[in-house]
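Labels A, B, C and D are assigned to the chains in the order they are written; within every chain, residues are numbered from 1.
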Amino acid sequence: MTLALASLLLPLGTALLMLLLRLRSGIWVIAASLGSLLCAGLALHEVIEQGVQTLAIGGWRTPLGIRFELSSLTAVLLVFTAMTHLLVAIYAQHSRHSHARNTDYWPLSGLLHASLAALWLSRDLFNWYVTLELLGLVAVAMIILSGPRAHAPALRYLLLSLAASLCYLLGVALLYGRYGVLDLDLLAQASEADHSTRMALLLMTVGLMLKAALWPLHLWLPAAHSSAPTAVSALLSALVVKGPLFILWLLWSRVAPVDMTESAGLLFALAGIVALLAGGWAALRTPLLKTLVAYSTVAQLGYALLALGLLLRWQQSELSVALWLFVLAHGLAKVSMFLAAGEMQATLGSKRVASLKGATQTMPVAMFAFAVAGGSLIGLPPSGGFVAKWVLLQPLLLEPIHWPWALGVLLGTLASAAYVFRVVALSFDRADATPPDYDPDPFAQWLALLPAIAVWGLALFSQPLILWLSEASG
Amino acid sequence: MSGASLYLGLGVLLWLLGLHGLLRLRHPLRRIMAINLMGSGTFMVMVALASRSGHNDPVLQALVVTGLVVAVSATAFALRLAVAHQAHRSRQRPTGEHEE
Amino acid sequence: MPATELLLDITLGVLLLILAGAALHGTRLYTGIISFIAFGLLLALVWARLGAPDLALAEAAIGAGLTGVLLLSALGRHADEPAQPGSAVRTLATLLLGVLVLILLLRAVLPLAQGPQPLPALVNSQLEASGVSHPVTAVLLNFRAWDTLLELLVLLLAVLGVRQLQPAGRPRPGVWPLLQAWSRILAPLSVIIGGYLLWRGSHAPGGAFQAGALLAAGVVMLRLAGLLPLLRWENGLLRLLVLVGVALFLTVAAAGAWFGAGWLNYPAHWSGALIVLIEVAATLSIAASLSLLVVGERQELGR
Amino acid sequence: MNATWTNLLPLGIVLSSLLPGLLIFTLREEQTRLRVALNLTGVLLKLGLVGLMLWGVARGLEFRFSIPFLPGGELVLQGDALSLQFVSLSTVLWLATTIYAIGYLEDAPLRSRFFGYFSLCVSATVGLALAGNLVTFLLFYELLTLATFPLVVHRGTPQALQAGRVYLTYTLGGGALLLMGVALLHSLTGSPQFSAGGYLLPLLETRTPSLILAFALLVGGLGVKAALLPLHGWLPQAMVAPAPVSALLHAVAVVKAGAFGIVRVVYDVYGVEPVQALGLHLPLLALAAATIIYGSLKALQQRELKKLLAYSTVSQVSYITLGVALMGPIAAVGALAHLVHQGLMKVTLFYCAGNFAETLGVHRIREMDGIGQRMPLTMTAFTLAALGMIGVPPTAGFISKWYLGLGALETGQSGILLVLVLSGLLNAAYFLPLIYRGWFATPKAPWPAAATARAGRPGWRETHWMLLAPTLFTAALALLAGILAGTGFSPLGWSQLIINREFDL
């Protein structure tokens, strides 16, 4: 547990020190992320060796105090967060287009890292409210780094995020009023299917879905994520929307009474399928590159929602493995995609998808990164996205009665293939290539490729990963 | 009907009023006020819950204090953001530039 | 309960609803904002009625004071909105939907008037060990100190967020002489009251946040009166002020973890002293952050 | 797993083209020598390794490499007789095509990218051939799609892009179907190793609908690459790719990947008995027969040489499916032999088409009049291969059709004989005019003196030697495969060996 705390504290302390001493170099954040990654990795090792660990903060046991829990899933998420931050930080330190110079990008990214770590570790409903607010504020603060043009989407995001928090908080208040405790496990033991509990869960679900941009509450996401600076878009899509999802998953799989989960599961799963198709369609239609990538986030979250829904409907906890594999694979792929897209957009001087004509020649590595990451989103083997889809498909295909759901997954796959290859095919257009405004920066392109390779590497690592994730969900 | 129930209902009503305002109104300042109404409603539910059955629940009150700080920080940020956005727009408009 | 009290409660509630409606739907934005400030003041009264004086203090300083100043200064920037054409059908539909949701919510909320409350007893039984005698402060700074630490981070983030906006220098209106004269009296008063609240917090309603909010209100007043010099972000002192709360809190937490007692675990004999120390630091940070949030200008928040 | 040489050899065979390919990506455009050296090293190394494995498999050694991947589905590469049939074909033709491509692309832009993806394609093909279970097969099948796409759109013209989009639509759709099918079977039993006679027999009673759906999905997915009837639309379009790509990939690697997959699914996953019990072979048979006739009819209508060859491929590849769907050992021998024979012949034809186009700018059939006088060697190769396609004895094509016919009789599907005869006639109807034009018609205009730098002059130097040599080499192989069919190491002999193992004869 100490290691997990260290993984939280390192970026937090670094951020505060950078603010206090006005340090401007990204080296500090890179070092802190590296240290945090190391600690998280060791924490994971510790969990695997010794099992789930809990910490009563301040020595006060629940229900009085706040409890941290380090399960193998939490540890994996800590590793994932630190790794993503490390990759993005290296990119931001290097790239010319990162808006990291002369802004508070570095401390903000450290705070983002710490907020996420706090969220993964906490198991207290109210504490989650505070971490959610932290996430929302830090996300908005980072979006507006890209200048006044981002103000409008940022404001919209902030207002919706605040409203969502208050929905969530009202739900927390109801649960506290009903059961008198805030700890997840205590609630799980006490919860009953009465009217107050239903309403509380409904309120919290609406708030969390809004924050996680789950269909149909996703409308704020494309503008917000696409108007942020490139490095920030990557962090937002890869990490920030996953925080509320984590809480949603815990709430429904632990606290919600069984007879509620079945009907809610159906709704979640249907929303997931619609998200896959609607998000894919929007990504296929949009003329702007980063908006395309942002819509793809909406679509990909559909897989997570589908997994969540079916897991609730059938009470099959092994589907949580699929859920979290989707989250990990999507996160890495999205980092790569946003970095590649941002780098190409800045170098080629246009936000439009059409400007990528001939990009395989002018910026081969970035385009390759985009394609490779896209391959994981589609679910081509042997990528992380493939493994996730595979795990999701297994129970769907086993019984003929569940085959319609598999059809949904198939359609989602085709939709994602369509929008990824819309871009890829265009980039081979040599007849009418867009000349770059600057010399393309090979190192930044390679950095964009790194997470894409990592997500394909995830597949080779899938067996232990599946094991850890299923231990956490059992 | 006890005082606590009254304020529970009032809190819910305020929350709903705020939500409605957020969804229906367009002006950023109004929307920010609407969100604050939602917040006040939520806090009122919490405080009413804290005061039920006579003795006060310090935990809930503490939660409301925390919530209040969070709410005021976020409100202040949102207001400043709205002002900056407005300033940017009014700077742009006279020169005839178009936003995308 | 006596009928008079119920009557008071109902009157308060109706007033609150009217003010809230006026804040949202008042014909002019200015009216709306004034209604909203009045709403804040009235809300403070409600908190006091409900036996939460801590909140009443906080609400008065924030809802009426700081948010009011912010809203009014934002109003200067915004044109009044164009009137929204409202269609009767839509209004009716909204109303119906609203009533439906309200009924659902009420059905969920009203049964909670009687619910289990295991925590107050538990807080009271552990109050001895917490190092302070006021239960709310004990919860805030000991039992759920982690929430409070994160809350300070939220405040810091709001300041950082405003910093990224590169706020434009506000055209300084001519200072109103009366305000200048008043603030010379009110500002020191707010410092004194703030200090008192802080000290009182360990055993009675009051504490870091309330004190910080009051201090911030004083600072804002002095600034509006043009009596306070700008502190630049480059100035280490300002940054230290903003950060000291979180930093000290974290140091204590980490030291606790390092020296064996555990994360955020205060050593038994020092807990009272440590809490006071943290509270002082937190008050300073809260005051600095809030006043920056409200009146911070380019020079203070800029690069 | 012990790292003995028998375990590592399958991996080595895949890596011997993968690693050079990845290295080639990093080369600058003008590093021609290094690129050629890398290419040739890879080819020769692979050839040697495959030879080693052939020797080993003939002596009964087992080659198996595996690493953990999915729960219940490892990544397995194994060398058995069937996989070696395909691996040897790909490797030999890779050798020929590499030389051809070096000559063909001399001084063209973006060669590093071309050869990089080209090597990746071959790696994927070989990996697919060596795949030891369905999951591994799926993986390489999808990789093949991805690696081929950049080659299809290599020219970067709007026309090429359009073809690329069509190609992707078909193959990714097919890939998704295959994924579903494999996942469906995996959910029932996991993905055990391919084994003669299949592994689904125990589920026959309890999981009938699942097995039928999975078969439909698998054949649908594989049918895209194998260009079965409603799914063939990409193949003629993909002919905009450079000639070596058309030759190796669209005549051999990609379409054969589909056909080979069908062989694997029918024999090593389902097994003959369950397929027959479920009656799945009949629709497959009908589909294959329809494709054979349809492809020939379409070929008859073409005016461009490459398009004609493409439709001919559609038709000829379905012979393999046909042989498999007949469900008898003799037909199966014919099918497997045809896998090689068709590859050798069709690659020759594509080389010839490339030679005509590069040397004299001849693309259309009309322009071929009298080309035999100007390029006699190429035309000889073309004639040999075309006669093989028609099935004239003693060419390779005759051998496979003979076995298919015998197989049809053996299993009592005499209607199929009719299909074979009809298709033979149609083949003759579109190939014989070409041969006639080439040798006996008089050219409409004198041949250009030297259209491009690599155009030679009549006689032995009729074109660039790097274009000519592979053409003659594969034509000779196609001829030898027919003449020496009776020997043990001919494609036919090897097919016999495979089928003996499959049918346990």
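Just so we're on the same page, a contact is a pair of C-beta atoms (placed from the backbone, for glycine too) under 8 Å apart; a residue touches a chain by one contact, two chains touch by 3 or more.
This is a predicted model, so every value here is computed, not measured.
Nearest to the common centre of all protein CA atoms is the CA centroid of chain A. With centres taken as mean Cα positions, chain D sits 43 Å from chain A. Inter-chain centre distance (chain C to chain D, centres taken as mean C-alpha positions): 74 Å.
Between the Cα centres of chain A and chain B there is a gap of 27 Å. Each chain gets a centre from the mean of its Cα atoms; for chain A and chain C, those two points are 31 Å apart.
Chain A has residues 126, 130, 133, 137, 140-141, 144, 151, 174, 177 in contact with two or more other chains.
In chain B, the positions touching at least two other chains are 15, 18, 28, 32, 45, 49, 63, 66, 70, 73-75, 77, 81-82, 84. Multi-chain contact residues of chain C, defined as those touching 2 or more other chains: 105, 109, 112, 115, 117, 119, 123, 143-144, 147, 151, 154, 157-158, 161, 165. Each chain pair that touches appears in this list: A-B, A-C, A-D, B-C.
Listed in rising order, the residues of chain A touching chain B in the complex are 126, 129-130, 133, 136-137, 140-141, 144, 148-149, 151-152, 154-155, 158-159, 162-163, 165-166, 169-170, 173-174, 176-177. Residues of chain B that touch chain A in their complex: 15, 18-19, 22, 28, 31-32, 35, 38-39, 41-42, 45-46, 49, 60, 63, 66-67, 70-71, 73-75, 77-78, 81-82, 84-85, 88, 99-100.
Against chain C, the residues of chain A that register as touching in their complex are 2, 5, 9, 12-13, 16, 19-20, 22, 55, 57-60, 63-66, 102-104, 107-108, 111, 114-115, 118, 126-127, 130-131, 133-134, 137-138, 140-141, 144-145, 151, 174, 177-181, 194-196, 198-200. Chain D contributes residues 67-71, 75, 110, 113, 135, 138-139, 142-143, 146, 149-150, 153, 155-158, 160-161, 164-165, 168, 172-173, 175-177, 179-180, 183-184, 186-188, 209-210, 213 to its touches with chain A in the complex.
Chain A contributes residues 358, 360-361, 364, 375, 378-382, 387, 389-390, 393-398, 400, 403, 406, 410, 413-414, 417, 421, 424-426, 428-431, 459-460, 462-463, 466 to its touches with chain D in the complex.
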